[in-house]
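Note that the chains are named A, B, C and D in the order they appear, and that numbering of residues resets to 1 at the start of each chain.
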């Protein structure tokens, strides 16, 4: 803003101009805040713990991984390991076992929530639609070991 | 000079009470003590008076601070389209109490290499100035703690104390950010002290008084008799200038370059924690009260109700006690300070100096001259 | 006497006269205005900056090393985490490179989805800039105003992609999902709301005398310097070079839209601010056109396994910050041999030292805010 | 903080003191739990969500936590938002130490719980904040929503309310989980279980087989039907500069080849270093160039000796006018490096990528090689100031020295870091290979 070859008259012209435009601009700014202050309708706050009942995530929201189970707790997983391979940081362990007929079925679907990035690549990769991203978002815990979860309740079918 | 003189009701009561109480005690006292009774009488009266005054100041200062902090949070929240504290008490009313309690029970330590004595002294020094100023403010006709004849010069003299605390705090922290912050603050406050003083002098000049009570009493009458409106245009300009320079004096945004969280991570109080930080925090808000009180006293008619000259309305307004009006005005001023704080961005340190020396000071001088002319011509 | 020998690493200026007032300040890595984990070593003379040396790497996460052992699709989600403010744009940048390699095109509807999300992302990023710029200048309220509008964008983005910030949405040939039915009405409502609010915000900040004083003539970057230092995006256009990848190296269907590339010529902090505000308006203009013409039809091209043929593939897009280029070196297999990202923030930060010399520490904050760097994208 | 903890000692002997202690507990805990001031600290994506949570829509102020303190000395809560790198770790620990007690830490996001997306193949990220400082609450998510952060805050509040002055707050322990490989641990544990199960089940299985020799599973997994999409042809859009004068790849090549006869344009798929002594003919090169669509930039292979001259020529030539440096980067092949200088002309709109193969200096003893500079190339910082940081990056990542660089230091890693990460043979004790 500093110009060396500024004449006195120009300096004062600028000075006076700023004396006028300055306060005007400040009042304009103030008018915006006053408008917002006196208009409680503009408040956009969502009060989380109080609005728990009405708070709903979008249907596509990617919370934590969960297994799709029917009423009896059976899942559709065949332990093919596609999700495991798709997972960018090996947060999923598909641990297969043999059932009584000697066929490879899902034994334990271990999921490391602590390192999961919720990218949804596993759901995309699953050929049988056995897993989905849940809507859970209240997931804070004081115990980090509880973040290593087992998702399936039952062994896989087969 | 500093004889605390709570004027009529309490003072009289005390003056009456002490001899009465002594009357009950004297029969049981030995003769040697009784000789000193007249002297002791006045000493005891003095002490009781002093205690009452201290309590009164503390109530005004410390009682107001949590309310102000809560108010600040709510004002800023509503300006920013949010709600502010909501969960503690009704709409978060007791949030600040929790904050203060928490800070009192925090660990306190000084950083390595700090000058410990000065480090802990600084927050106390900061508190001195606003308390002293508060003693001079007339909250109502009868409610002034020290009715000092040289009120305004005394305020100007005392106000410099605040800088000292900030400078000491910044310097003793052994932190470059703190040092920069305190240096900025020192430069800023010393500069703005000048225009601050000048506007007070303007008030002294037009009212012809230095005593704050007299200045207030000079504004009795309708709303147009307040100094802000009594002198056309000049009064209002003076009020705006006072507002600006007092904002700078208060170290509040937009003139908060001493704290400048984005630049200096907190400036002079970067290294303070727990109770010491709470004292800085407290000082900021007590300062806010004192400065607003000063503005109210000097420009907004002090404890007088805003009469508009219509009999019916005025009689209603008159029914409200003076100190309510006083605090209503103070809170309005504080609200103005807050709106300004949450609206504007912060100027740079050299621009701040430029603004003071190239704008405020010349305008002030002109104002003083015009004020003098006005008095000569019309007053 | 300060000579090169006893200066900390990186400082270059030698001063012959002894200057006892000089001292060093360390800004960051935890500092409210360094936008994350940037560390600036400042050599100060009182309040004036003599020289500044940036220290990077406080958030260096080795993304490029990690990418060598990931497959191509998995890299898309790492690109989210580079410049998280424009995550959705980074996704596209990576996908464009894959599309070049696989030689697959994108159906029209998918292109429109892309363009709309791109521009929404740009508005969101610029709103963060507006917020942080105001906040760094000391106006806390500005910080909240900017984020308020950004939330609306992210709500739309979340509805479409399933995540607010790290979208991981685009795939070679289209995207993971089609947009829901509510998408277009919501975007329309957003445009309407934005048009109104931007007026308020401009009144709030653009003409404010303190802002003008703080920003005009501060941190001047000349046209020559801007090109030589490799600045892109609003930095470059603020200095008077009308280069926009959307116009000059078009991708997607940006050639079908009518929009201007705003340009200003002073190259100071204020210009970089006005450029971004103007860009918000331009983005809204594109959004309006895209919403009007939004077609029906397939939203994705035929899915192919993402195995790039050996070769080198380069794609450039214009994110909110500037030129975001992805360079993929593919060998056989489904893993890249090497992926390199040219992030805009890294290059934009290069002239910072030149810009801040002789300015005050408060100016540094303002200049840094208008560079609008995202540190994880610098460090990668 | 100490005063409160003496309360039981002083008040317990007093009759009714216990109630008083309980009352003090209640008041102090109430204050602490409801006035949590966080520290302004954030490194990456989670920081933005943390900021969002303090903004108008979510408004952390409702909990009394809007007072984000920039100075750690006034904060109570450390929300570790974002990835922590090894370089950042000392700073993080220092910040934690500067917060006066009682203090709490929230690990926000996957990176601070376990390393998140950067668990495997990573040499620089600390796998979890709990390795460095005691963490009270973990919020998984990448990044967690603001609501999730509030849930974490409420969880922390519950935790604080359970403190008493008989069992006062004390700094927790640091847990070293940095070497924990959750995937492999789980697999290993499962294998052991499987073995036992196999042994146990062997009989039953044999019996089952005997009984149902023709057994076939009744369960048929159903594949999810995916939508069919048409194939679409890709359009190659041609760029244009600010002015006219766009040169096609072939034109640029012939122009450069006229001046430097050792410059060749190879097929982009080839990676081999030019071992042959004779240079490919210009026609072969043009054929290579024609193979690719128009929006592929021209890639020229240039000798290290010619490199500086070629770049200078490209910059200064009136028709080429390569005034903009996009990037300088490198690639490591087994036996050679390649430095790639990406140039663009802002005015004309064309791009040239210059590939410079650099033979590795295998004269250095094998054990020293990891930490030694294996190749040299002249720096172009004097031509393009933009190259300064980029070349430092290449130096940092590959160990290629740029001669005449004004300030060649490591840029992203510490000075004492061993090895150059983007070399293919790079190893680091902190790195865990990705198991899949």
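Rule of thumb we're sticking to: contacts are C-beta pairs under 8 Å (C-beta built on N, C-alpha and C of every residue); 3 or more make two chains touch, one makes a residue touch a chain.
What you see is a predicted model; the values in this text were computed from it and never measured.
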item: Centroid comparison with chain C (C-alpha atoms), farthest chain; value: B
item: Selected interface, C-D versus A-D, where C-beta contact pairs are more numerous; value: C-D
item: Central subunit by CA centre of mass proxy; value: C
item: Distance between chain centroids, defined by C-alpha means - chain A, chain C (Å); value: 21
item: Centroid distance [mean C-alpha coordinates] between chain D and chain C, Å; value: 17
item: Intercentroid distance (Cα basis), chain B paired with chain A, Å; value: 48
item: Residue numbers of chain D (touch at least two other chains); value: 55-57, 59, 62, 70, 117-118, 120, 142, 145, 434
item: Multi-chain contact sites of chain C, meaning residues that touch two or more partners; value: 31-32, 70, 77-78, 141, 144-145, 148, 151, 166, 205, 208, 210, 213
item: For chain A, residues contacting two or more additional chains; value: 26, 29, 32-33, 43-45, 47, 88, 117-119
item: Footprint of chain A on chain D - complex, ascending; value: 56-59, 62, 110, 113-120, 128, 130, 135-142, 144-152, 154-155, 159, 177, 182-183, 186-187, 190, 194, 197-198, 201, 204-205, 208-209, 212, 215, 217, 219, 221-224, 434-436
item: Contacting residues of chain A [partner chain C, same complex]; value: 1-2, 18, 21-23, 25-26, 28-29, 31-33, 35, 44, 58-62, 86, 88, 117-121, 124, 133
item: Complex contact set, residues of chain C against chain D; value: 9-10, 12, 29-32, 36-37, 56-66, 68-70, 77-78, 80-81, 84-85, 99-100, 103-107, 128, 143-145, 147-148, 150-151, 154, 164-166, 173-174, 225, 227-230, 241-243, 248-251, 255, 298, 300-303, 309-314, 316, 323, 325, 327, 329, 331, 337-338, 340, 342, 346-347, 349-351, 375-376, 379-380
item: Residue ranges of chain A in contact with chain D within the complex; value: 43-49, 55, 64, 76, 78, 84-85, 87-91, 93, 95, 97-98, 100-103, 107-108, 110, 112-119, 126-129, 137-144, 147-148, 157-158
item: Complex interface listing, chain B residues touching chain C; value: 76, 79-82, 176-177, 180, 184, 253-254, 256-257, 260-265, 342-351
